[in-house]
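First chain written, first letter: the chains are A, B and C, and each begins at residue 1.
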Amino acid sequence: MLHVAVATRAFRRYSTYRAATLAGIFTNSVFGIIYSYAYLALWKANPTAGGYDAQDAVTYVWLGQALLMTIALWGGGTTDDLAERVRTGDVAIDLYRPVGLVGWYLASDLGRAAYHLLTRGVGPTVIGFVVFDISLPSSPLTALAFAISLVLAVVVSFAIRFLVACTSFWLLDQSGVKVMSGAFAIFFSGMMLPLVLFPGWLGTLAQALPWASYVQVPADVWLGKHTGSDLVAALGFQVVWAVVLLAACQGVLRLATRKVVVQGG
Amino acid sequence: MAESGPALHLRSYLQIAWLWIRAAWQYPTSFVLLAVGNGLITALDFVGLWIMFAHLDDLAGFTLPEVALLYGSASLALAVADTAIGSVERIGAYIRTGRLDQMMTKPVPLLVQVCADQFTLRRLGRLTQAAIVFGWACTYVDWTPSRVVVALWMLVSGGLVFFGLFVGFSCVQFWTTDATEFANAFTYGGATVTQYPLTIFPREVLVGLTFVIPVAFVNWYPCLYLLGRSDPTGMPEAFQFASPVAGVLTMAAALLVWRSGVRHYTSTGS
Amino acid sequence: MSLTRSQHEPLIDVRALERTFDVRRRVEGRRRRVRDSVLAVHDLTFTVAAGEMVGYIGPNGAGKSTTIKMLTGILVPTGGQVRVAGLDPSRDRVELARRIGVVFGQRSTLWWDLPLRDSFDLLQKMYRIPPARYRDNLDRFVDLLDLGGQLDTPVRQLSLGQRMRGDITAALLHDPEVLYLDEPTIGLDVVSKGRLREFLRALNDERGTTLLLTTHDLQDIEALCDRVIVIDHGTSVYDGPLAGLHAQGGSSRMLVVDLVDEAPPIEVPGATVRRVEGPRQWLSFPADASAAPVVAAVAASYDVADLSIQEPAIEDVIRELYSRDA
């Protein structure tokens, strides 16, 4: 119940920035329009590129814009609070709390993600639907699978952002690592270009890295590219990364705690 | 005083910026990681374009080197403007924290102070990448003296257009302080839209990008001249030489918006 | 500068100054928020002559910072007139900036990560202070404010008091005719407060710098200002010497006495016991009277372990002022 309260509080906190939200939806939509025309040109020249058709491609664009803030692709979100508390030393208090830090920040980040999904996720999706006639999930099962995939995407992204924030325990400042991590996230998530277009070994590698959970996997679930056991495998891929990365968060936090205890922050 | 207004302002700008560079150097690890990270983002951005061309022979009739010329010139213009005056994006935060009030009690024009504030060289990464892509694309251009002139004024005018877009659209924050992202649609959005041949967009978009948000003059029209192509959209050929006009007009419009933004601030105090 | 101006023209001239703000607020039963006009400052008139040191006090939200913003040109008045050093602040803001110094309380203008000296050097360039003048001023202020050892220390490593002294130096390097100080002693320890007050006093003596000080600390006013202007609900409710404020408000100071042993309420002339808690007793006496006779009387008849004097809070003084008027 505590975690629900934490999530609710984060949801409320983010919902106070109304003008920022509107400005963000506007900006996402402008980029959605630009990329839609670029992809339409690409698929006009090569109608089956990456196994997508033109409508798949345009749908993919708008899903990407909708997911951008929900999964905090550029980094940040509530893990920025952690980095700030590490910088100021307040984290020492948190480490002695009986509540696990990872669970606490995860709940908070899910609250944030829920807000961003309802505003900056739904906003561009509606505009994409109206202006570019993007496809919708073909069945309730697909929609349900997408919802699960989306939550997993947020969890995987959270774990990576949490690890980035943890670097402040050693570097005092996460900004450099955050930008580096954001660069990889943009490229390997499929945000910049669908991973299905990546050639050869680069494609294989990109599809195996955790960032594929961010955009490529949820988008393919939405588009109905995964069915039956393939769908289970796709979600299983996200689950495996979520578990591995959350375990890594716990491990790093244990190291950090030892450091704080030994060196007094 | 021998120095006139603009030279003096430029000097004030450089003096403030220099202090910020030195302040950033106090954290060398972060500084390097930020510069490398920003370079990486833009480098991977170009890799994305390159991968696109793995599935294409040409994009709406434009080859990879031709698209690279568009991409490089837009990216370069944006990077120069962003490095020089990108801080103006933070005006809303300056208002909220009272920093703007502090600046208003200093005898240096407010715009100079805002643009120089928190000056950072971390966008050197983007600048480098843009310069490399542009340089590579230039090797495919059939150079003549007049094309060299057009290329040079294209870069300067492109910078001016983005200067104007950064300043003009950031001014929205004088009215709603947390609408920071709004300007991105026009600055970064403007640079993204112009990295493609504008023929992939409907004609209304091209008209908008010519007469309303004149980013088509940042690279599209002058690049048509550099590439020796006739305009596939049938716009007047004179547009290919009109970039400086677009740059100056955008800049002038932005300064007017800035003035009314400051006036709004001093008359409402919020 | 101040000499060339006519003797009769004050340095700061505020006449019937008014400032309203539009706010939107929700009203029960209406869907849209209604626009409302709030008077932050109204009918405010005062003048400050060159060389005066004036305390500008009032409760939070009384209109202090709105006034300062209009005096510095950050905010345009909605009515009335304001002139500083013969200039219209909002119209001639940049020109006025050269002739005034402003320190905004807790917000530092110094470069956090760089040595103090770098911030000062930049200001020399921004204000175009002649090098000789700059060196003289810097030497003098650094000496008076005891900052010599800190000039090459990054600002983030300075104490709060050192940082405040740094900010005040920064505001004075260009020889402003008037200095606006917003809560300069907030958060400082007793020694730092004392040193800062001494410095401001000396500055006024030596250079005739006019000082307008907003503060919550009545001791600042007591130590520095011959005159206070009290603002409440946007307008001046008192303008005169501090002693007069106490007399008019009928406010009192409190002598806190820690006796060696518990005792019945102390009886001395000129003071009344308000509270007793074990060996500690609180005696109130009129704020415009000297504490010395009361202290002497107490010490003469009781075994005293410790003594301290509590100043009346500005809020209390102003409340008194109002309740008397009503």
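Just so we're on the same page, a contact is a pair of C-beta atoms (placed from the backbone, for glycine too) under 8 Å apart; a residue touches a chain by one contact, two chains touch by 3 or more.
Note that the structure is predicted; figures quoted are calculated from it, not measured.
The chain with its CA mean position farthest from that of chain A is C. When each chain is reduced to the mean of its CA atoms, the one lying nearest the mean of all protein CA atoms is B. Chain geometry summary: the mean Cα position of chain A and that of chain B are 28 Å apart.
Chain B and chain C have centres, each the mean of its CA atoms, that are 45 Å apart.
Averaged C-alpha coordinates give centres for chain A and chain C that are 51 Å from one another. Multi-chain contact residues of chain B (touching two or more other chains) are listed as 27.
Per the touch definition, chain C reaches chain B in the complex via residues 19, 21-22, 66, 69, 72-76, 90, 93-95, 97-98, 100, 102, 104, 107, 109, 111-114, 118-119, 122, 125-127, 154.
Interface residues of chain A facing chain B in the complex, by the touch rule stated above, are 17, 19-20, 22-24, 26-27, 30-31, 34-35, 37-38, 40-42, 45-46, 49-50, 171, 173, 175-180, 182-184, 186-187, 192-193, 197-199, 202. Of all residues in chain B, those touching chain A in their complex are 27, 29-34, 36-38, 40-41, 44-45, 47-48, 51-52, 54-60, 172, 176-182, 184-185, 189, 192-193, 196, 200-202, 205. Every residue of chain B that touches chain C in the complex is listed here, in rising order: 11-12, 15-16, 19, 22-23, 26-27, 97-99, 101-102, 104-109, 266-270.
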